[in-house]
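Some structures are shown below for you to check.
Next, two complexes with subunit A in common: one pairs it with subunit B, the other with subunit C.
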Partner chain A sequence: MSASPRPSDPLERLRPLLAELPGGGAWRSQREQLWNRLLAAGLPTTRDEPWKYANLRLLARRDLAPAAPRPITPEALAAAPDAAAGGATRLIFVDGRYQAGLAQRLAPPSSLQLSTFAAVVEAGEPDPGTPLAGDPDLVDERLRAWNGAFAVDGPVIRVPARATPPAVHVVHLATGGGAYPRTRIALEPGAQLELVETHLTLGAAEATVVAATEVEVGAGAELTHTVLQVLGERAVLLEDLAVEVGAGGHYRHRLAALGGQFARLDLRVRLAAAGAAVELAGLLFADGQREQHVRTLVTHAAPRTSSDQLYRGVGAGRGRGSYDGKVVVGVGAAGTESRQSSRHLLIGREAAFDSRPQLEINADDVKCSHGATTGTLDPQMLFYLLSRGIDAETARALLTYAFLGEVLRRFSVEPVRRAAEQRVLGRLPSAELLREFVA
Partner chain B sequence: MSGIHKGDPILEVRGLTVDVQGRRILDGLDLTVRAGEVHAIMGPNGAGKSTLSQVLAGRPDYEVKAGSVRYRGEDLLALPAEERARRGLFLGFQYPVEIPGVNNVYLLKAALNARRRQRGESEVDAFEFLALVRDKMKLMQMDESFLSRGVNEGFSGGEKKRNEILQMSVLEPTLAILDETDSGLDIDALKVVAQGVNSLRRDDRAIVLVTHYQRLLDYIVPDQVHVLAGGRILKSGDRSLALELERRGYDWVREGGAAA
Partner chain C sequence: MATPPNQLDDLVSQQYRHGFVTDIDADTLPPGLDEDVIRLISRKKQEPSFLLEWRLKAFRHWLTMREPHWAHVRYAPIDYQAISYFSAPKTNKDGPKSLDEVDPKLLATYDKLGVPLHERARLAGVAVDAVFDSVSVATTFKARLAEAGVIFCPFSDAVREHPELVERYLGSVVPTTDNFYAALNSAVFSDGSFVYVPKGVRSPMELSTYFRINEAKTGQFERTLIVADEGSYVSYLEGCSAPQRDENQLHAAVVELVALDDAQIKYSTVQNWYPGDENGVGGIYNFVTKRGECRGRNSRISWTQVETGSAITWKYPSCVLLGDHSVGEFYSVAVANHRQQADTGTKMIHVGRNTRSTIVSKGISAGRAQNTYRGLVKVLPSADGARNYTQCDSLLMGSECGAHTYPYVEVKNPTATLEHEATTSKIGEDQLFYCLQRGLSAEDAINMIVGGFCKSVFKELPMEFAVEAQNLLAVSLEGAVG
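Then we have the complex of A and B:
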């Protein structure tokens, strides 16, 4: 028997490519620093606690080199929901690179400052953000290091103080090979933004996307961040999203994880100042042989901060998934409120979902709750529907759909919610009959 | 509408024997219900009343060990639950389940369409359907908000029971089995539910009321009363049997048992 390949092997193949990446002095040394850090740690394996549910073995044989630029026609983006209603700005990134020719509303309103990492690098400007979240004891930052070493582009979005620009829709299209988009979003005090991100693949391309996103929500600012992940069957998405929320700020994240072969989101939120709030909600749909993983870390670092998490997973066929969520209430975070709810439904006999909500409280006067369940369809609900003349297949599909409704109802961007609903319906049997119920 | 005439046999149960989780619950039960009749099945807790209701409706995890059930001459036990519903059998649940996310009215419309398709009729027109439901809701004194809510979601006990009778009145079953529809109702709600049931009495329909208490029978007067205990019908009679039961208790029947 041959020895199984070491998980860090894919990195060896990447090493020579590092020298070819753009950027002068400071950028180059940052890339090398991040690369060395990644190399020292190696790619995560299931022996690493934060990765115990998510096996990255499938990367061993993949082409992870950044994809060469490739022209794209607008038809390739047809699957993206039209979230452009109301004058939204639409930005297209192909394999992590900005495609100016496909953008809508090239000249953004004055209430919105749009740039790209490529433009920043080309201008020789310093990094507008920090590639690492800077919390090495608590979190696993290898994805951020990997992304930071190879990222050449990605949206840089800033909303000036008290501005409320129209929505921004970022479409990420992966065409095959590696993509390393790096995103930075900053809302200055009192600003508001609705941000939509869609992840797509060109056809059935074997793409690997390693994405890192930094979000800063200033005092009293409000960001609603909605993500529709509808990658193709052979795509892998590994994303690390780090959010910092200032005093009285509000961050909402909505995730519809519906596609890909393997997707994992590491979402860390730091409630940095008094009154900061975060709401996270996601649906994880793991059918076929798909894997959908979410890991969250919410840190309450200031008084009167609140967090609310709602995750619902469906495991069908041989799908797998996990929710691994930790809430840390720091010393001095008195008056904290925190809720965590994760429930998973298994409709495939070989499907599996893990759920691990954790709570670490270091302050007094806090209200924290968490609940987690994994189960099958409720036989009483099923019988009730059968007894009303609904056939068994439709009844099961209907209950599965209803199970996800709690999350879908939290999607405030109508076209995205509808796109997510239609995708879910399309994956369930009796889709036509179900549409009668959800009209 | 149905080619069913008063006096036609609707339900013929013979020697029905059922185990639930390895325990014998029904033990050779016989019962005949004809079109135009209202039957009341009374019995102490644990007698098998709910099991009988659920077995007739086709609950899959109840195991029929022996006996037969004919519904309008057909082998009922050979049909899956949804097919029984489509052929006009309706079960009003003792504990209607809440199904958040499945709209109450869409379910009702789908149920009606399933029944119509089985009869070879076209699907109901959306506007006519809504008008019909509104009309029936008025009869059941139900609030407009029922239209937009999830199935039984957040309903009080009484609202759930009214919702069951609303469904029954829209679906117009041939055989309605109402399992403890009176339990948990205050007297006003009981009157509304009874009025709903009475409005559905017809020559081509049979109704089986399963109940622990005689109280419901003050408002819905049955043609026949049966006492179910120990998994079989121990005694049958007219309405006076229910009154006598109330006076003398179920032990009276159990002791007299087979002699009845």
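Then we have the complex of A and C:
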């Protein structure tokens, strides 16, 4: 094993900036508390089991100071799909700060309560959420602590009981330097929401985004959360997403991880009450020298809960990626059903993919399974296409596209699915020909 | 369930059948470990200087290491200075040449275990190198093996008679610095088995060793080394049982296998050490390092294990597939009942081209036991065309036990194909109902269903072992029906 980098150094550089952040009293002491705990724990290294496959040493040479506000023209957002069909609300955050001038179509407040952390802080109100989920040793929550210390803004979305507002589209644009968006989404009992998030970079900016999101799905509520990550080649995204699902609630997460230099999502879902369900699906596209990592932790803490995970990864060029998924079935979570499927396709000579589909089961009335495969394209399928007169390069591209289709089909927001499809096609050889095939 | 309550009580309260202590005058060092103890062990065993140096180097490295705690097991801290590191039956001084010369008490111990040594040896045609505590006391069929050119002897004899082979291969698969327990074993190992199968020889019989832990407070530090030269074949059987104790006993063995071109090694284990009582008191701590290296082309190493004993199991028999077209296999049944904790699995490291590996692991948890499969399949950039198939299934019996799966799949070559599947479930009510309805007792029904669950592993065992394993499984799961 190579020597670990000195991970705390980037934090040392940030320390003096903490005092300049807004918010007084309780907010300041919360920031300091989180920061001190992070300093004591240090940034994760590959020696920390949850970070075995994702090396953060690239942070050492990056500018992590929160980016200064800068004016943005609507053209900078052209890459974001227009998920506005049906009168969706679109919120723009630049380097983690809300841009009121760029927002579109605010829904009537009766079906949607929108605010921002900046507004909460300015009004001197208490934190609407909890920055940490309560891990006493901070083993898994160091990025949350980092975000919590530096976040100055981010969407705060609440859907009242039984409301079904039009979709909400949150666009995160990073322009260079550090960005620390913090998002809180709460669905009261019986509410429904379709939420789309897009992560973009301004040009080829060297941006580092450390994001934290808290999601609360109330009893019988339903949230579909679709994420399109199309960051530029020099961007880093580290996101921690913690979800709690109440009785009979349903949470769906769809991820298209297509961009960035290094991206990692830590997704933690707690099925807290009977009948709660979660469906996770994601595609990880690691071409060039890109790294795409996903770690999921699903905790079945109540009876009759169900979870379903489907992840597909492609390693091309010198791309690298990992899927690290853990399902924990707690004592008393009888009638649990859990499925995990992770498959990775390696098409680059120097590409690599790691997977770790783990099960921790402490109850006997359960049905749990996982399947994981890693390999190359099926030679028989390839032969079939070649025998139909399709050239080898196109045939391989077509099969790669088909491999990801299983995930793409689960994207329910049409414009996002199309945008993801076009991005995938654009990255494959013979893109024009492929578009004809799949049109 | 239909079983009358008093019958169930009988089953639940059944004692560990192999729990007894043979009273033999043993030559035991006082507890504690330092360089002098290692020098003493080495001197007592009349070892050449290279081995003493090797032991000391391992000990010095061990002092810098920390005990690993990543496994999914919990136990009270071990005081390594409270353990005696050498124990030899005094009767060994004259060196028995045949079974007739062996202490009758010792033979009686084997009888109680249901292993009538000479009978078994004669009927089954098996050579037995019996290890009683730390020094081997009987070796049979040596002549027949010698005729074929196979060396099968206690490790300490091999050190004296074949130092060149020992020096060449010892620590070449599991280096002294490998892990905490392997380093400790390298420093203080007492005895074990040594096997060398020369070029082109197919071992005329299956080689078998029965281990026993006997002397109170003595840890056992076995060292086994098996070398299969080009084109040879050997099947090795290891079986274990220990007397009942209230004090936890440490066992840190190291097994090294080397397979050269076209060689094949089949290593089978039935492990039935004292698991502690139903409250988790006593029982063996089993921290074992087992690794095989397929060094040659077309070589093959196969691990088959049936683990029913020990309070704590920490064991990952592994294969390093260096040679092109080499094959690694791991078949395992791990049963944990009462308060047993097992963290076991394998590692398959693919280095050579077109290397293949298969992993089939069956875990059964009952009572309040914790059973963990932990496995690594790693494909390095050089391993073009590597293939792996992994299947790990868990069966849960009771609402207080745990079954965990931690597979690591690391692929750095795009031409590799890896498949991993895992399932966890309990015995279906409908399956049980079907059997009961056909007139089977609940106990028999469970045994039958569990037997079916484990069949794909049992069929890999040599026949006499397969029968024993099946019985062992039934005994281990007694009291688990609910």
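Here is the rule we go by: the second predicted complex is superposed on the first by the 425 of 439 C-alpha atoms of A that agree within 3 Å, B and C clash if a C-alpha of one lies under 4 Å from a C-alpha of the other, contacts with A are read in each partner's own complex, and residues count from 1 in each chain.
By definition in this document, contacts are C-beta pairs under 8 Å (C-beta built on N, C-alpha and C of every residue); 3 or more make two chains touch, one makes a residue touch a chain.
These numbers were taken from a predicted model, which means no experiment stands behind them.
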After the alignment on subunit A, I want to confirm one thing: do subunit B and subunit C clash, or do they fit together? fit
For A:A65, using the defined touch cut-off, is the partner it touches subunit B, subunit C, both, or neither? Pick first, second, both or neither. neither
Under the superposition described above, what is the C-alpha centre angle at subunit A formed with subunit B and subunit C, rounded in steps of 10 degrees? 70
By the touch definition at the top of the document, which applies to A:A352: first (subunit B), second (subunit C), both, or neither? second
For A:F403, using the defined touch cut-off, is the partner it touches subunit B, subunit C, both, or neither? Pick first, second, both or neither. first
Looking at the overlay, does A:G375 come into contact with subunit B only (first), subunit C only (second), both, or neither? second
Please indicate which partner A:L17 is in contact with in the superposed arrangement: first for subunit B, second for subunit C, both, or neither. neither
Quick one: is A:A431 in contact with subunit B, with subunit C, with both, or with neither? Answer first, second, both or neither. neither
Tell me which partner A:I390 touches in the superposition: subunit B (first), subunit C (second), both or neither. first
Could you tell me if A:E49 is touching subunit B, subunit C, both of them or neither one (first, second, both, neither)? second
Have a look and say if subunit B or subunit C is in touch with more residues of subunit A. C
When the two complexes are superposed, subunit B comes to within a least CA distance of subunit C, in Å, of 12
Let me check the overlay on chain A: which residues of subunit A are in contact with subunit B and also with subunit C? none
In their shared complex, at which residues does subunit A touch subunit B? 378-381, 383-392, 395, 398-399, 401-406, 433, 436-439
In the complex of these two chains, what residues of subunit C are touching subunit A? 70, 381, 394, 396-426
Residues of subunit B touching subunit A in their complex? 54, 57-61, 80-82, 84-86, 91, 93, 96-97, 99-103, 106-111, 114-115, 118, 150-151, 167, 171
Footprint of subunit C on subunit A - complex, ascending: 49, 53, 315, 331, 334, 344, 346-376
